[in-house]
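Across the two complexes that follow, chain A remains constant while its partner is chain B and subsequently chain C.
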Partner chain A sequence: MNELIRLENITKSFGDNVVLNGIELTVGENEFVTLLGPSGCGKTTTLRIIGGFEQPDSGVVYFDGKDITGLPANQRNINTVFQNYALFPHMNVGENIAFGLRVSGKSDAYIKDKIKYALKLVNLKGFENRNIDQLSGGQQQRIAMARAIVNEPKVLLLDEPLGALDLKLRQEMQYELVRLKKELGITFIYVTHDQEEALTMSDKVVVMNEGYIQQEGTPEEIYDEPINAFVADFIGDSNIISGKMVDEKVVEINGIKFPCIDGTEQGFPPKRRVDVVIRPEDIEIRPYGKGLFNGTIISKLFIGVHYEMLVQSEDGKIEWLLQNYDQHDVGAKIGMYVRPENIQIMRKPKSEAESAIELDI
Partner chain B sequence: MIRKKTFATPFIIWIIAGTLIPLLSIAYYGFTNREGGFTFANIAAMFEHDHLQALGLSLLLALISTVICLLLAFPMAMILKDSKYGKQGFMIFVFILPMWMNFLLRTMAWQVLLERQGVINTLITAVGLPRQELMNTPGAIVLGMVYDFLPFMILPIYNTVSKIDNHLIEAAYDLGASKRKVYTSVIIPLTVPGIVSGITMVFIPALTTFVISNMLGGGKINLIGNIIEQEFTINSNWYLGSGLSLVMMIFIIVSMVLLQKFDKTGGESLI
Partner chain C sequence: MKKLGKIYILIIMLFLYLPIFTLMVLSFNEAKSMAVFTRFSFKWYAELFQSRLMMGAIVNTFSIAILAALIATIVGTMAVLGMDAMKPRTENVLLAANNIPMLNADIVTGIALMLFFLMLNIPRGYCTILFSHATFCIPYVILSVRPRLNKNTDRLFEAALDLGASEKYAFRKIVLPELWPGISSGFLLSFTMSVDDFIITYFTRGAGINTISTLIYSEVKIGIRPSLFALSTIIFVVALVVLLIVNARQAKADAAA
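What follows is the complex of A and B.
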């Protein structure tokens, strides 16, 4: 994949508040990259620096191999879909979409064709003469998309574009966005705090926290192999427990030995203290005494497709979060088993500062 | 239900006593001659040469003052919008401060400054330049109008400008607009409601003022406001004064209607 955008050691502070700490990021041509993190993690600032709305304190932004750090927003071949859509309230739908084309001096016939094409693309045929305040949130969102893409940008920046929509519409729009991206064949850089959105749509997810990039990878990599406790916790539900390597590829949690697939080779030699991540759906329920460890169900919740259960270990020290299609009653004693490949071993944070970065969620 | 009406009573009394009765009596006097008979003469008197000249001058000076106020207030409002670090509140305070002082005192202050022996002439002659005739000129009146009415232009414009979502401005830049285009296509059209109320609040009092022209025009320059005032006070001719007032009212209503039109069309035509 050809590199389209590269951020090199970007730092940014607002007053005393350091928002970005040496961000290094490469975005490939035609890639769907999502910046994911809690509010205040620096994801929107990163997007604004790419869009040209914010100047980094230091570092370089490359676009197509050229340094565009100092280039103002109106000279970048990048368009943005803003969080609140930012449609011009004094113009109708057609005029909004035409704005960028008018500015660049396109002919009336070309503009008319483009408006038609864009409205068709976002499934709002015939909306040219509507007023902005006559549109629903979802429609405004589509018009904001249309207004951005008629300019044929190489990159489309999307700042939490689905944040204001209700759940059902949000899920619909996720499919729409993926379809649009395929049809247009351009790069999307998407900012969200919603991990589900990030996992559903992206080619690459960049998890950020406190101005640092925590991990970047495909949605599968991020979900299956979180690099630290922050990522594990932020992406989906998980059980994060401290443990200790007791043997080659054996980790001990709360006095119980679990075979796993990480050992010295992966940087986890025996006697090393580690963090262990086990996804709730990876804990299998066995009859009592037939698993690796036992516990008592202390709460049960039906959350749509499956049941979510809290299981207390027999010594009462640990509560495990389980997700299972089968339900078991509160108070039932069960056995539990985890496959070695589903046990994710992680480095413990070295210092207090590092742990603050990784665990402050 | 009864309670709601009770609360409305003071306002109803206020409207009847403060607006309706005076308006009706102006209308009565305006269409009546000294003998008590019905006449259009008081209205037609506006077309007498002296009155037309005063009206023309009033319109001209009010227009000039309004344009100057607008040209000063818009950039000012934009600067206030973008100023950071909590300066905003203080800056606005500075601009509003003169409004707390008595209007007559403020105008009188200009007399002291502009007089033949005034502060400005003292400074001018001190550096060896010839003494200037500053008082009793149309320029002095315009200066007084701008000084007195500028806050009424700044406030409504600042109010609208400060409510413009910065994302709209960013979106315009994002779509490739130059700074000039961002102003002409986004910021100014969205500021039209503020501009319209600013113009209304400056143009109408400027058009009808007689205090400023009395104090800074030295009685030599007659605006339509002075003529009406003189009819009521010096000549005790309430009939003519009321007739001319009615004509002025029509001017004001027409200008307000025209301004409202701009507001509704979103102001594209203003540019």
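What follows is the complex of A and C.
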């Protein structure tokens, strides 16, 4: 994959508030990259720096190998779908879509063709003469997409474009976006705080917090092998517990030894204190005494696909979050088992500053 | 109870419109009397249009109103744009300062402007009235344009830049149409306030120049002529027609939206 955009050591502050702390990021051609993080993590600022709406305090933005750090937004071959769509209210749908083409001086015939093509692409054929305020939220979202893509940008920036839509529409639009991306064959950089959106659509997820990139990787890598407690907690539900390596590839949690697949080779030699992540769906329920450890179910919640249960360890020190398709009664004593490959070992944050970054969620 | 409410509304309407109605009736009275209606006639309308004094005052009033409103609208709109580019704190201080002239009594503004012209040795006349009117209208323009320029217009401006527009083009095509309702209402407000004004005009005009209001004031001292009723009637009817047109257009726009 060819590199298209590279951010080199980008820092940015607003007043005393440091928003970005040396961001390093590479985006490949035709890649779907998602910047994921809680509000205030710097993801939107990163996007605005790529779009040219914000100047970094230091650092360089490369586009196609050229330094574009100082280039104004209207000279970048990049278009944006804004969070609130920012459609021009005094223009109809067709005029909105035509805006960028008119600016670049395209012929009327070309513009007409392009409007038709774009509306077909976003499934809103024949909407040329509608007014903006006659459109639903989802339709406005599609028009915002159409307005951006008619200019044939190399990169499309999307700033929480689905944030204002209801759940069902949001899920529909996720499929739409992936389809559009395939048809257009361009790079998408997507900003969201919704981990589900990030996991379903992206080729690469970049998890950010407090102006630092915490981890970047494929959705599977991010989900299965979170690098620290922040990522593990932000991406889906998880049990994050302190533990200690007691033997080669054996971790002890609350006095119980669990075989795992991480050892000295992965940087976790015996006697090292670690954080352990176990996903709730990875804890298997066994008859009492037949698993690795035992506990009592203290609450149960039905959430559609499965049951979510809280299980208290026998010494009362730990509450495990479990997800299971089978129903078990509250108060029941059960045994639990976790496969070695489902135990994710993470290093504990070293300094206080580092732990502040990770725990301040 | 319902009947009582209707009577109440009727009384209010009578208080509001009966005086104006009396004035309109008297403007068609042949006699100069303000008490007896003798015969219907257009005599005072004819006198009005033949009187150079009155026609001059009418021309002055409306030309000053249009020019002052234009100047105030342009200056006020530019001020809003300029303030928007400033730091929020500076902008808030300036906006607060903008409110002071509006709260200030007209008589204070009038005397202050008069002293200002005297001090700088500027001969008082048409231009000083125009300058004064433009001055007291600017805060109202700022007040009506400012709310139109907000986060939303910032976003639209950015969206236009994103689509490749230059800053000038984005302003002209996207931001200006958004400000337009504020600009036009600022203009109309300025226009009416200028036509309405007496006190400030009185203090800043020179000898021999009159607007409708100062003319009426000086006529009252020597005995009012029914041609002034005719003039008032015309002004009232024109205002009424304009109001009806504006309302009809508003209703049409609301129905379309």
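Rule of thumb we're sticking to: the second predicted complex is superposed on the first by the 361 of 361 C-alpha atoms of A that agree within 3 Å, B and C clash if a C-alpha of one lies under 4 Å from a C-alpha of the other, contacts with A are read in each partner's own complex, and residues count from 1 in each chain.
We adopt the following convention: contacts are C-beta pairs under 8 Å (C-beta built on N, C-alpha and C of every residue); 3 or more make two chains touch, one makes a residue touch a chain.
Nothing here was measured: the structure is a model prediction, and the numbers come from that model.
J.: Do chain B and chain C fit side by side on chain A in the superposed arrangement, or is it a clash?
T.: Superposition check on chain A flags a clash between chain B and chain C.
J.: Regarding the shared-chain residue A:192, is it in contact with chain B (first), chain C (second), both, or neither?
T.: Once the two structures are laid over each other on A, A:192 reaches no partner at all.
J.: Check the residue A:133 against both partner chains and state whether it touches chain B (first), chain C (second), both, or neither.
T.: Second partner only, chain C.
J.: Quick check on the superposed pair: does A:103 touch chain B, chain C, both, or neither? Answer first, second, both or neither.
T.: both
J.: For A:88, decide between first (touching chain B), second (touching chain C), both and neither.
T.: both
J.: Thinking of the overlay built on chain A, is A:151 touched by chain B (first), by chain C (second), by both, or by neither?
T.: Both partners, chain B and chain C.
J.: Do chain B and chain C touch any of the same residues on chain A, and if so, which?
T.: Shared contact residues on chain A: 51-53, 72-75, 78-80, 82, 84, 86-90, 99-100, 103-104, 147-148, 151.
J.: Per the contact definition, I'd like the list of chain C residues that touch chain A in the complex.
T.: Per the stated touch rule, the residues are 155-156, 158-167, 169-170, 173-174, 177-178, 257.
J.: In the complex formed with chain B, which residues of chain A make contact?
T.: 51-53, 72-75, 78-80, 82-84, 86-90, 99-100, 103-104, 147-148, 151
J.: Give every residue of chain A touching chain C within the complex, in rising order.
T.: Touch list, chain A to chain C: 51-53, 72-75, 78-80, 82, 84, 86-90, 99-100, 103-104, 133, 147-148, 151.
J.: Quick check: in the complex, which residue numbers of chain B touch chain A?
T.: Its residues touching chain A are 165, 167-168, 170-178, 181, 185-186, 189-190, 266-268.
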